[in-house]
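Single-structure report; data block below.
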Amino acid sequence: MTQQPVALNRTDKPAAVASATKMVIRGVSVYYKTFRAIKNVDLPVYENRITAFIGPSGCGKSTLLRTLNRMNDLIPGARVEGKVLLDGEDIYAAGQDVVDIRRRVGMVFQRPNPFPMSVYDNVAFGLRLLGIRQKSILDEVVERSLRAAALWEHVCDNLNQSGMALSGGQQQRLCIARAIAVEPEVILMDEPTSALDPIATLTIEDLLQTLKENFTIVIVTHNMQQAARISDYTAFLSMDDDRAGYLVEFGPTVELFTNPKEKLTEDYITGRFG
Amino acid sequence: MAPESIYAHVNLRRNYRRRKILNTVMLSLTGVTVALAVLPLVWITVYVLLKGGRYLNLALFIHLPAPMGTPGGGVLHAIEGSLVMVLLASLLAIPVALLAAFYLLARPNTAVAQAVRFSTDMLAGIPSIVVGLFGYAVIVVTQKHYSAFAGGVVLAIIMLPVVLRSAEEMLKLVPPEMREGALALGAPEWRAALRVVLPAAMEGIVTGVMLGIARAVGETAPLLFTALGNDHYEIGQIVRQGLHYHQSMGQILGQIFGQPADALPLTLWKYAQQPYQERVQLAWAVAFVLMLFALGLNIAARAWLAYRRRKLYG
Amino acid sequence: MPRQVLESEIQNLKNQILRLGDMVRQAMLDAIEALKHRATNRARQIIAADQAINALRFDIEKAALVVIATQQPLAHDLRFLASVLDIAGELERMGDYAKGIAKINILMGDKPLLKPLIDLPRMANITADMLQAALQAFVNDDAETAAAIPRRDDEVDGLYNQIYRELITFMIQDPKTIDQANYLLWAAHNVERMADRVTNICERTIFTASGEIVELDTDENGNAR
Amino acid sequence: MAAEVRRVSPPHCLSASSRLSFRSSFKRFSDLLMQPTSSSSWRKRLAYYFKHGDVLWWTLLTLSVGVVLVLVLWIAWQLWVQSAAARHAFGWQFIWPWAKPVWNPALDKFQAWPAIYGSLITAAIALVLAVPLAVGIAIFLSELAPEWLRAPLNYMVEMLAAIPSVVYGLWGIYVFLPLVVVPLGKALAPLGEIPGLGVFFRGPVPASGFSRLGAALVLVIMILPTIAAVSRDVLQAIPRSQREAALALGATRWETVWKVLLPYGQSGILGAIILGFGRAIGETMAVTMVIGNSAGGGYSILRPGYTMASIIANEFAEAVSEMHTAALIEIGLVLFVLTFLLNALARWLVVNKTIKRA
């Protein structure tokens, strides 16, 4: 038996192995027309860590997540105040290229949404956008991405089958493969397992543990236990009287779930909320 | 990722520039296509309204056409003919369409319902001239003369799918709980349908009927050899004569529906191709009236529908 | 493997328990060894080392609580974690017994031993083996082995009785030795208690593996009741 | 409960209240069955049924449904029967492209290929021009137009469909033909020199502008709203998640449309195009007014011609001989079959392949 130093896996890791800050949410408020959905959130996102957003439904978790790659731009009337720094640069600053930001900050959605094309074409989609045409490179990256998404063994016999023909969990892993093919720096996940059965959910959760070695992951989950299981840091958001979401507490997941600082957090995680 | 990054093979700056230019160009082109579609609409509308408006006068609505080559006259015959035939078409098509829509509401997923929907769509797709041939074959050949009745029937066939489709959609918008609630209180099916569901869907159905009427009023092709056309069609005259000869109500109605009749688009078609300036001018005036009617009815119906939907769905 | 995080945390806890067991075992054997040679300096080191045992026990408890809080363990996993909490406590108590032996060593001052220690080290060795086997059974989730281990407690009890009678004899023969003999009796008693706690660990192992709570207390004849 | 109520078929429809409790309905129903079938009980039973009115109601519903179902078949049957004379006389030669084109009412000799060709070529040209426009419009309306512009533009596109066909015809004759078609025809005339392809551009275009080209261009405007509206609906039916997936991968708006939405909606858009094709072939009045209605003209798009619909509209009322009428009705039959197939295919593509999947 090898004698390790007293490092109980996750418990001390954030402190023991310091991590760089990949993104910073600084004083962010989000408005839909006149309605304020998020008010004044400050948060760091650490590199190669999983950060989870939890909170009651309607508290703006997804909205906050979508500010990180400017997906809110698509909604008419949506407006973001404050700064979101990616490697120190404000992605909302004038002159920032949305397309480039979304390439660097990828996203996986609530329901698996593969394109109605073959598995291969799904994964190669982002690569082709970048103008990569050589078959050899495409083949290599497709395989690499599918392996990283733990899907390769299931589809390697037939990469030409439709992505829609896979099972729900496999579709979601295909979407993850598609997202990581373009080598984003951050991957946003918006309740990626809420449409999946428990087994598929666990597969994805395990996948995240391996993915975080290469990517920074931010995940929104309505399932508090899931956040506890998989994340390194957790942000708990809640809703104010004016229905605006705000950050209640942010900290290492272990801390937040065993010894929360805020009464509200404790009430929420122990199910005594509201 | 330990293996070589894909970005070793990508010139990001050049790639972005190429894609952005393509994006801008293509998106602008879609804007151009919209402009290209709006252009003829504006052109036609403005031209017809300006040109037709110039020949618009009271006589148009109260006189029969003047003999060929003489100025003046109106299209009273066509207005009355259109009115009679559209009225008949509505009386035939609306009840059938509504009842069929109620059937679809009550049994939405049966084979019969699927067949009805398919049949409705096919009916809507049959060229109206073919419907005219059908009217000719079934009514004109049997009766051995052209008539307003035959015109009304073919217009009903044209209207039927329009009204049926929108009525089904409108009935579906009524919350099923309303109907079920009525049934649970012990109301028979028909009472629940007519007293509860129909009033709730009434406004929507009216818009569907308006769209159907707008469609029927503008139709020419099916009337070519069913109503044929009749420059002397005047209901007032028929009624006066009938009263004079002490005819019964039924006989007078028979006169009205039994004669060949004219309709606004039919008149427009005939006059547009005649070599007399006065007739062409009348055609433009008729185009003005038709256009105003069709567009007005359409805009009103769709605006109303949009308003209702917004109210229902919030 | 599904549930990577939970599995790795469980493995980690097992390692830590084994490590804590090792520390406790070593502390006990050292304490007896130090007593045998009347090495009081060694005894002081053992007392100081108990801090580390206590600290590791709390680390293990905290880690187990974190796993319970974050991983939603159920069934076997949950029983395992409950047992970890319990066994860590048992081990810590056993550490205290070892510390107690070291303290006795110091309390005995510069007085020599009544006689060379023979049975006590044997007793300690058996207990150490039992502890190691019990923890291995726990880590391997081996209820059968765990059920067999307490039988060896009889050997320990036998040795203890022997030591007891021997020391009583000393005391009767020469009341001046009562002090000395009493110290040794305590030390023997401490080792005997440790063996009993190994039985508790075995009970926990059976509970973890099967979900059944059994009493492995042995009767006079050494049969499980 | 609700589902059960819906599933009960008409003869069992005693009344809603009786169906609410199985036991009570069973009792009443069995009462009816148990009674001896004397004339008085029959009358009672009938009275019972009719008192609630549902029998009458369902009879009416079934009749209406019957009318809708029978109508299409009846139309087909009538066309088939009424065209019997022409079908027997000319057989398949009637629509055979390489048969000698004759249209001679005096001799009772008819061959429909020129009309069929006229329909196909005008519709085809109209499609070629309308499809890119319509798809562009659909993309703009469903993907790009800002909220405030969407409703008015939707109106406008639908208004294009609402203008009566004869108004297009009138405008075509007096405005569109002289201003657009004549100059365009003159510009295209030199293409007639090209060997082979020149067949389609053999001029000159008549001074009035009456030509297949004119008809085709008017058709562009007329089928534009159909294709655009259906394509727009197809695009809007595509789940938002598809757009988000593409954008989140760093696709531009255009790439999202071109590489994701259009492939996703391809069968639906194909359906829209086929629907437009059906409309173009069936369109009668405007085409009749601008195509010039003359036999001959060969294959040239710059010359006047006929379409199936226009030849019926133009000649039917004046047809004297039985064979002439039958021949025109047979053209109607061809038109019916063609549009039926096109519409069925389009419906299948739009409804089953796209809207339902979404």
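Here the chain labels run A, B, C and D in written order, and each chain numbers its own residues starting at 1.
Throughout what follows, a contact is a pair of C-beta atoms (placed from the backbone, for glycine too) under 8 Å apart; a residue touches a chain by one contact, two chains touch by 3 or more.
It should be emphasised that the depicted structure is a prediction, and the values quoted were computed from it without experimental measurement.
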Using C-alpha atoms only, the most centrally placed chain is A
Interface with more contacting C-beta pairs, comparing B-D to A-D: B-D
Which chain's centre, taken as the mean of its Cα atoms, is farthest from the centre of chain D? C
What whole-number Å value describes the gap between the mean CA coordinates of chain C and chain D? 90
What is the distance, in whole Å, between the centres of chain B and chain D, each centre taken as the mean of its C-alpha atoms? 14
When the centre of a chain is set as the mean of its C-alpha atoms, what distance in Å lies between chain A and chain D? 48
With chain centres taken as the means of their Cα atoms, state the distance from chain B to chain C in Å. 95
Going by the touch rule set out above, which residues of chain D reach two or more other chains? 252, 255
Where chain C touches two or more other chains at once, the residues are none
Could you check chain A for residues that touch two or more other chains and list them? 99-100, 129-130, 182
Considering every pair of chains, which are in touch? A-B, A-C, A-D, B-D
What part of chain D is in contact with chain A in the complex they form? 146-147, 239, 241-252, 255, 259-260, 263-264
Residue numbers of chain B touching chain D in their complex, please. 19-20, 22-23, 26-27, 29-34, 36-38, 40-41, 43-45, 47-48, 95-100, 102-103, 106-107, 112, 115-116, 118-123, 125-131, 133-134, 136-138, 141, 157, 160, 164, 176, 180, 182-184, 186-193, 214, 217-221, 224-225, 228, 265, 268-269, 272-273, 280, 283-284, 287, 290-291, 294-295, 298-299, 302, 306
Given the complex with chain A, which residues does chain C contribute to the contact? 1-6, 8-9, 12-13, 15-16, 18-19, 56, 59, 62-63, 65-66, 69-72
Which residues of chain A touch chain D once you look at their complex with the stated criterion? 69, 71, 74, 76, 99-100, 102-103, 106-107, 109-111, 113-117, 125-126, 129-130, 175, 178-179, 182, 188
Using the touch definition from the top, list the residues of chain A that touch chain C in their complex. 1, 3-4, 6, 8-11, 199, 202-203, 205-206, 209-210, 225, 228-230, 253-254, 257-258
